[in-house]
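Both complexes shown next keep chain A, but they swap its partner, so chain B is in the first and chain C is in the second.
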Partner chain A sequence: MIQATSSDLAIELVGVTKRYRRNTAVRELSLQIPKGAAFGFIGPNGAGKTTTIRMIMGLLPMTAGQGNVLGINLNSGQDQVKRYVGYVPEQHFIYRWMRVGQVVRFCRSFYETWNDKYCSELLDLFGLDGHQKVKHLSKGMVTKLALVLALAHEPELLILDEPMAGLDPLVREEIVERVLHSICERKRTVFLSSHTLSDVRRVSDVIGIIHEGQLLTVAPTEQLVSGTKRIRAVLEEGQQPKESPEGTIWNRVQGREWLITVKDFTSNTVERLRSANPLQNIEVIDLGLEEIFKDYIRGAEVAA
Partner chain B sequence: MRALIWKDFMANRVLWIGGLALILLPYLLCALVATISYKGQAHDWWYIFANAPGISCMISFLVVAMVGGVAIAGERPDRSSEFLAYLPPSRAAIITSKAMVGIGVITVICLLNMFALYVIEEVKTKEVLERMKVVYGAICSSAILIFGFAWLYSSFLKNPIYSTGLCIATVLLFWMLFAFVYDTMNWGSNHMVIFTPLATVVGIGAFVGGIFSYLHRVEP
Partner chain C sequence: MPIDPNGPVPLYQQIADYIRQLVAAGVFRSAEALPSLRALAVQLAVNPNTVQRAYDQLEREGLVYARRGLGLFVAERGAELARNKSQEALYQTFMQAILAGKAAQLSGEKIGAIFQRALAGADVKARNQ
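Presenting the complex of A and B:
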């Protein structure tokens, strides 16, 4: 999808596989994310998103495949990667006995690029008091603290794994509007994994959909949303579909109604469909990211 | 490294303070009992108070087991080990810091006990000092043995209570086994000559095993 040289890539995975005994969590995943891109990574629960992220972070060894993050080989420089990556996991396990100021000082000692001024700005922005103990913070405030820790060393790559899970809409809005947009404006690479597709849509330039450890598609957000359409065709009495159009993601026949979701939709798609099948009527429906996501998953499940 | 050492020290500060209080408690209680039952003879008071180091030593061993038990596993129940895993320090740096804090604490505990014994046994002659050296050896080797096993279990168990408990059970088994073999083999009168190096070697072996286990473990 994106042609780039290795030095332009923030993340480059080639045929990455992760197996746990008999269970394959990630299957030959290949992915290229250029520096400065905002990548949205979506998939159902257990699809392999967190496993992929943990391999990118160097926390989990790959069973097979090659990976480079910011030019660092994941098979040999796992510890190095963490110096340049800011990571916000779904659940936060920051030392509860520490005060906010102590956590900040503790983390600061590990990064040469730590920006004290930026850190103070973020703490002020989120209303975090350095004297407060982490165990006394609400879930939203802990997430904000995790974001401060991930951002204050000005990472070249920011990885967010379900960062907004369980947060109320106001906090989510604040994080997306104030933080993620500013990161994207600074031309840092963002890797966002989330179930909140509206957030993914707003933040990401490129979206990848993963299901059962396999990457189903990677496409620029606008191309994915505008190029994926649902066709609602009515078959002639007593007829069955003969040929699905090229780029069919998912289709279903119910009575005379034939629903087809296609990618890379063009006006030719309708013409070809009409000429190859006995159809009475055709309607083209625009889809939101949520519907597109669901249809990719349904299609993969049918194919499996 | 300084930040890691600070964190490892502060994370278990309640154990350090509580452990120190427990170790000193026998001295306080013995002094109290000795004072209450004091009948005007100075050596009576001293005779009762002299029980304190033995009791304190036993408590110290329990504290050493807890120090080793929480060293690594202490960060697993609240999953703060995961937070640390996301930060840049390597696992080698993390384990080095934990080892430094653990070894530092048990050294203080051993020195405290040795000093108390030195004072209470009134080491004034060469003979007493020679006898005390054997006792010192037994204390230090036992502490190494206990810490080693607690550390080893801590490296892979998820809860410090399990690692501490399993360590105590293992060390008791080791002592019983040693006593059984010693009696069966009829090795002579000074069993400490055998026990001290054996316990030290086994303890260090367990400690090294713990490091190896931690470094090869995928966490979280």
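Presenting the complex of A and C:
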């Protein structure tokens, strides 16, 4: 395998840790996101997603580790990052008393690369009017405005933290479409954190699952989906499982039924399982991303 | 929306199946162009790399061919290939169902009888539509 050089990477984190007094929010997280990739970041509430994003944005200092974003060292140039990254935070910071046009002019002043034409195209596209007061906008419209502000300076990297939370399906679809457009337009890197797994799957070519500050897996989206299987085995009367297969993420015995979810499934997985355990029969079940996500989290909770 | 982002089938596979169906049904005829990568990505709301992967697969199958700078076009035998492929897909679907039956300790005869019953049921359904 060819080792990616740092210039091919939009984001590189090595052993990044964030501790608050007794609590470790992010634990030795390492991640490489190539330029042009769309990365989906999923995990339960409080898993460390926003903390990770805030460290990537240079808004939060790390306790330990190294990081590089678009060639900027996070331990020395962290103040530079936000000028080059389009960021849609979970909590919109937009000043509620301002009018849309005022917000746009205000944000424009921070970016050398601001594109007025592109900005007004996006505002039109989303039906945002410069005279509207932000406090009179719906939640969906505020999110659209946040996305316009993130894209108008034509960043190489777009980071979205739970952009779809609390939005109706139509607005969500518009947001997803716009993000996909921005991937198509140029080789823009996208980092998307969301609980809406169907949207994550549509957008991302790589997915990372985080739980209690630790990355459980990082894999190409469709490899994660097609390579993770649940095996339903029936144990012989009065027998117990002897050996879980390699790559077991989660398993549970209930009566004679033994459910095992494995990653990187091959036909060998079944053969080995059969030869190592007293089983009557084996069924292999395909899983969607939602089930896969839940089994990773359940497995990590059992292990903890 | 022909794509199911919650299901277990890889999205590129779903897109390839969808295009094959359209070609088999004559929506895209031989020598006609497929939608561009970006147009289909936005239309289906999926990452363009996913569409690329589906298109690569269709090209390898010989269903479509690339013309430099112009995109992908349906091959002369495109419709025939698409229909053959759907037979293969049907075989795989039956195979899955049969394995599920075997796991439930059903005999081959029993599974065959259930298949006949389903076939008759489908005929009734088709007549009623």
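Basically, the second predicted complex is superposed on the first by the 294 of 304 C-alpha atoms of A that agree within 3 Å, B and C clash if a C-alpha of one lies under 4 Å from a C-alpha of the other, contacts with A are read in each partner's own complex, and residues count from 1 in each chain.
Assume a residue touches a chain if its C-beta (ideal position, glycine included) is under 8 Å from a C-beta of that chain, and two chains touch if they have at least 3 such contacts.
Just so you know, these numbers come straight off a predicted model, no measurement behind them.
Superposition note: with chain A as the common reference, chain B and chain C can be accommodated side by side. After overlaying the two complexes on the shared chain, residue contacts for A:289 are found with chain C alone; chain B is out of touch. Of the two partner chains placed around the shared chain by superposition, chain B is the only one that A:106 touches, whereas chain C remains out of contact. In the superposed model, A:126 lies in contact with neither chain B nor chain C.
Of the two partner chains placed by superposition, only chain C is touched by A:204; chain B is not.
With both structures placed on the common chain, the touch criterion links A:176 to chain C but leaves chain B unconnected. Looking at the superposition, the partner that touches the larger set of chain A residues, chain B or chain C, turns out to be C.
Contact with chain C, but none with chain B, is seen for A:184 once the two complexes are overlaid on the shared chain.
Applying the stated contact rule after C-alpha superposition, one finds that A:250 touches neither chain B nor chain C.
Across the superposed structures, the minimum distance from chain B to chain C, using CA atoms, reads 27 Å. Looking at the complex, you find that chain C touches chain A at residues 3, 5-13, 37-38, 41-42, 45-50, 53, 99-100, 102-103, 105. Chain A makes touch with chain B in their complex at residues 57, 59-61, 79, 82-83, 87, 89, 91-98, 105-107, 109-111. If you check the complex, the residues on chain A that touch chain C are 38, 173, 176-177, 180-181, 183-184, 197-199, 201-205, 221-222, 225-226, 232, 281-283, 286-290. Across the interface of their complex, chain A is touched by residues 2-3, 6-7, 10-11, 78-83, 85-90, 218, 220 of chain B.
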